[in-house]
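Several structures are given next for inspection.
Each of the two complexes below includes chain A, the first together with chain B, the second together with chain C.
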Partner chain A sequence: MNFLNKDNNQAYLYIAPAVILVGLICIYPILRTLVMSFTDNDGLNPANFIGFDNYIRLFSDPNYVTPIVNTVIWTVFATVLPVAIGFIFAYSMQFLPRSNYFQVLVYLPATVSAAAAGVLFGFILDKSGLINQILSFIGYEHLVRDWLFRPPENTYSMIGAYTWQATGINMMIFIVGLQGMPKEQLEAAKIDGAKGFTLIFKIVIPMIMPYFVIASLLALINSFRVFDQVWVMTQGGPGRYSETLAVTMYREGFVLFDLGYAASVAVLISLVGLIFSYFYLRSVLTKEDVGN
Partner chain B sequence: MNYRTLEKIKIFSGLTAMAIIVMAWLYPVFFLLINANKTASEYAKGSKTEIIWGTSIFNNAVTAWNKGIGDGVLNSLLYGLAGSAIAVFFAFIAAYGIVRLKIKNGLIWFLILYSGTVFPFQMYLLPLFEAFVAVGIYNTKFGLILVYVGLCIPFATFVLRGFFLTVPWEIQEAAKIEGATNFQILYKVMMPMAKAPILLVFLIQFTWIWNDLLFGMVLSRSVGVRPITTVLAGMKDLYASMDGPTILTATVIASIPTLLIFLLLQKHFIRGLTLGSMNAGKG
Partner chain C sequence: MKKFISVFLGAALLLVANVSKAGDVTLFHDKAGWQDWWVETFDMDGSNSYEITPFSDTSSYQAAVRQSLRADPPGLFTWWAGYRMKEMVDSGLVEDLSPIWKKYIDKGEVSADLAKAFQFDGKTYAVPSLIAFWPMYYNKNVYKELGLNEPKTWEEMESNFAKIKASGRTPVGQTIEGRWPAFIWFEEFLIRSDPDFYEDLMEGRAKYTDPQVEEAFLTWKSWMDKGWMDDGSAAFGFTTGDSMNNSFSKGDVAHMLVGTWFASTVTGGGIAEGEEWGYFVVPNKDASLKPSVIFEAGPIMVASNAKNKDSALEAIDFWMSKEASAKWTELMFFPPHNLGADLPSGEVGELVREINDGGYRQINRYWEATPTEICEAAVDEISKFVLDPSSYKDVMANLQTIADNYWDNN
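Take a look at the complex of A and B:
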């Protein structure tokens, strides 16, 4: 066979399994979800094309105000906290010898599943859990409450648990960034008398700005579609008070079987996610040293 | 006091401060371990910060193992090992085809494979559920392995493509002159050189599969098929029959494999993951 004798024709055989599998498991579902979102598919009756009705419903249904507000809260705080704490860790580690041991320990929570961490924090935040026991022990009885069953405390508590897991990766991104920072400029600034916060905000942060952009966009992408933590700790409850859009999507699709509607929520999550991803990939791809 | 002593004191106090902060940071892990090692009544009545020196954790582990965690562990081991290995193999040969065999429009083929890392998983769930039910692989081990293979290929291809781009062309040409076929070059020349990146990608994907909750929830239902995370998340519903320390012990068991992988590889692993996450997708 002449066709297969040429290397670049033979190459099709090598990429075929990967392309077929990615086509079936990733690309087909994406297209199918997009189509579904314009139908009234309920998994039982034949689906009808209903145009933008699902999307209009999504934005006019008062039930969806809570998940949308929660998702915004998540996106803001679950981005700012891990990035800021990650930076503080990375920055202070620089001045310490053998800081790699500390790095490993700070990173450690990120290696366990969100499900396991969720179960653990379920016990910590429980009515008779660790937090409340400590609060009453130190005399702050009035702060004792059922953290996961009371909005808005439940959303903020879960963001706290999430931050515990999400900080490590941000710390590592900043460590990479700080290591690549030209030391001469830093020394020059120090000689000029810059120190403390002035040094950090006027010199260090501007110098590693690209890493801030990458870390923040990555955190935005992940926090906007948060699911595991919320599902394990509250399932979006009580009622729908702590639901995020990803939980809404799951509930509409796999609990209520309103597939068309669930698909439109998925598309909405993707659209916002793609906007973040676009800027994210742009900044990663312009940073050769990170991209390869 | 001279300058040197002052420097030393500074560093020492810095280390002490950091040690205290890191201990506080890891206190939840400590809480997990001391409370997993209690009996149900010790946990319910006592202080959550109290340490009880006993061996209750072993009894709890046996109970948890028999109440679904055992099945979950074995299933997740299967999905992690098979899913990751098959995905890495397909990604390896695909990356070889794209980079080394100079396929036509290589960048486009790469982007097609890479597109699997860009969309949130919410876009995959409904059609996969629908299709898996229709084809009859919903709630089967085969179905879950299939889905994990498909989901892991894009990232693995990305990393291994990076590897193939760094291999000097002279090596391939020399082998060619000696009459080696493309497959022999892949198998005998490239594979031994790629051991490190292959192992790294394999372990990162194993960890990802082990920690996945969403696909396990959507594509499986029965105890014999569900992965460990799904079993663990479902334990809360069985709260009545399951006491606190047993669930905490189950959490410990569910965390051991990925924790071990991390502690063994540390820096390599973090670097790989940092790269991986900078490459969007896997959160």
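Take a look at the complex of A and C:
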């Protein structure tokens, strides 16, 4: 392939603005952050190269066990719940009349920013918020509490808020998958007597497995780097008990101004995200190649 | 026609050009709600013109100021006192304002004690934009209903708490919401027994595992065990919902320990200053100690690399004058930094009079008095104590580890 022929020159001109933009606002900051992670940059004094000291500190400081554990909890639950509930909604929509309206209702939370959702749920989960009012109304006063104050309830409450927002996107992914399913195989299975959970687990799910993979990997990437909801609802507290790695990065960078150390946390988060993204892209591209 | 267009374009370019004129002073601050009051005060300075820029988010403000200090800083900027400004002092990025302080101290218009919050190696690097004291707010309606008197001793105060608790109310509000408030009662319990130890602890000459700290935690724990303090989940807040302020205004919480800058919010909660709420300084647990009170002072600093540094220094001179101080006090109800200005009316003025006339020892707040790296980590550890008071020994050990990590390397 000759990259320098006339036809390619025109194509390069068309993609040049996008490439320059991505380079300036994505690639350059990534490289700057990577370099910063090997320094003691504090935003005030000239930075000195300190090698891998920041990374050694990250993996040897016992204070960072809690953020790592919380991030794993987030990654597991904030992947499983939105994906599973999204599939349940998508599958159920097939049997509902005027399901379009229900699809819109379920998808609507995804259009709200994560920070706005965090503020909203800060009120809902408050001591005198909606959740506690409902619990009192139905006679469950003994369950009333400040949902965002004590660990581990505060982490699971925030995961619940996140699930409310993330379910809609997964539902849409599965709706596409279910609509694209070959109907003949489904009919054949029903004729053979498959129904209910057997039909779902043995026929439907295997047939749309690529969509499960895509939804799960997307959810993994997003949940691993969760920040907005946590910062807005608890700031990672109290006592750092609800802190995630992204919140750690923010604290170290913009509260303590240990920018070099914050950069090392950012690099770690990005590396893990990159690994998940690799599998996600491999899954998507493989599907497109099969389609072609 | 072409000539006209050229002249017009030239004039337009001149108008929009960002040319810094002599006498232009820029001020950055992070209290957006104060913008009008900054403008009104500095408008009184006829020799300079001011461009005052508010930032609505504290984190972005701090990042913006730090990044600008070497290259293109504002002439003036607000910050936080004590150790929180030490980095900038050590980096040579802020001006020594000692000559201006000397001028006003020699005239008897400013107290030399006030400079201490901004002093390093005998030089003073800021002037105060905010002076606040930390008294106990108390709900006078509750006191009237229960026949209580403002306590003069520690024992009287605890007796009041017991009676308030017996009436079904929460005697004292505390909060760890937002992380930073966790230090408030920690510092208060320490200074009520041994303020010298507190100041040693701030500077690393004492340890978080010393008996004085244990005594403070045990007293705090006993108050919580007796139900005299709430669980710490309610933020100071404003005037609605479950905020401590709203509970205080309704009388559900009878006391709260917070800075005098909170006064207008308390009144905004619907109870009248003086008539329905008031201040007292928490009495010492050790009655032999001199009366003392926690204070905080917010600084304004001059950036050494500012383009119009000379104008910025003139602005500081104006700020320290009786005229500017009186105006700022009138607008903000803060105690004045110039002794020639009148005290604010109401409870704040009464408190300042009591502190000045009573010769109170003024002790710098924990947030500024100890290194930032210790303070930011310590508030999270202290929060763990509030969540589980029986964990005080672990918390003390962790606090000392945090302190050791800092003092061993600095």
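In this section, the second predicted complex is superposed on the first by the 268 of 292 C-alpha atoms of A that agree within 3 Å, B and C clash if a C-alpha of one lies under 4 Å from a C-alpha of the other, contacts with A are read in each partner's own complex, and residues count from 1 in each chain.
Note that in this section a contact is a pair of C-beta atoms (placed from the backbone, for glycine too) under 8 Å apart; a residue touches a chain by one contact, two chains touch by 3 or more.
Remember, predicted model here, so these are calculated numbers, not experimental data.
A.B. asks: Counting only touches as set out at the top, which of chain B and chain C does A:Gly237 meet: first, second, both, neither?
C.D. replies: So A:Gly237 only meets chain C here.
A.B. asks: Classify the contacts of A:Phe254 with the two partner chains as first (chain B alone), second (chain C alone), both, or neither.
C.D. replies: Both partners.
A.B. asks: In the superposed arrangement, which partner chain does A:Arg150 touch: chain B (first), chain C (second), both, or neither?
C.D. replies: In the superposed model, A:Arg150 contacts chain C only, not chain B.
A.B. asks: Where does A:Ser60 make contact in the superposed view: on chain B (first), on chain C (second), on both, or on neither?
C.D. replies: A:Ser60 sits against neither chain B nor chain C.
A.B. asks: Applying the document's definition of touch, where does A:Asn45 land relative to chain B and chain C: first, second, both, or neither?
C.D. replies: second
A.B. asks: Between chain C and chain B, which one touches more residues of chain A when both complexes sit on the common chain A?
C.D. replies: Between chain B and chain C, B touches the greater number of residues in chain A.
A.B. asks: Following superposition on chain A, which residues of chain A contact chain B and also contact chain C?
C.D. replies: 43, 254
A.B. asks: Considering the complex alone, what residue numbers of chain A touch chain C?
C.D. replies: 42-45, 63, 126-128, 146, 149-151, 235, 237-241, 251, 254-257
A.B. asks: Which positions of chain A touch chain B when the two form their complex?
C.D. replies: Of all residues in chain A, those touching chain B are 7-8, 10-15, 17-19, 21-22, 24-30, 32-33, 36, 43, 92-93, 95-97, 99-100, 102-116, 118-124, 129-130, 133-134, 164, 168-169, 172-173, 176, 214, 218, 221-222, 225, 227-228, 231-232, 246, 249-250, 253-254, 259, 262-263, 265-267, 269-270, 273-274, 277, 280-281, 284, 290-292.
A.B. asks: Would you pull the chain C residues touching chain A in the complex into a rising list?
C.D. replies: It comes out as residues 59, 62-63, 66-67, 69-70, 87-88, 91, 93, 176-179, 182, 231-234, 241-242, 372-373, 376-377, 380-381, 383-384, 386-387.
A.B. asks: What residues of chain B sit close enough to touch chain A in their complex?
C.D. replies: Touch list, chain B to chain A: 11, 14-15, 18-19, 22, 25-26, 28-29, 31-32, 35, 47-49, 90-91, 93-94, 96-98, 101-104, 109, 112-113, 115-116, 118-131, 146-147, 149-151, 153-154, 157, 162, 165, 182, 186, 207, 210-214, 217-218, 229-230, 232-233, 235-236, 244, 247-248, 250-251, 254-255, 258-259, 261-263, 266-267, 270-271, 273-275, 277-280, 283.
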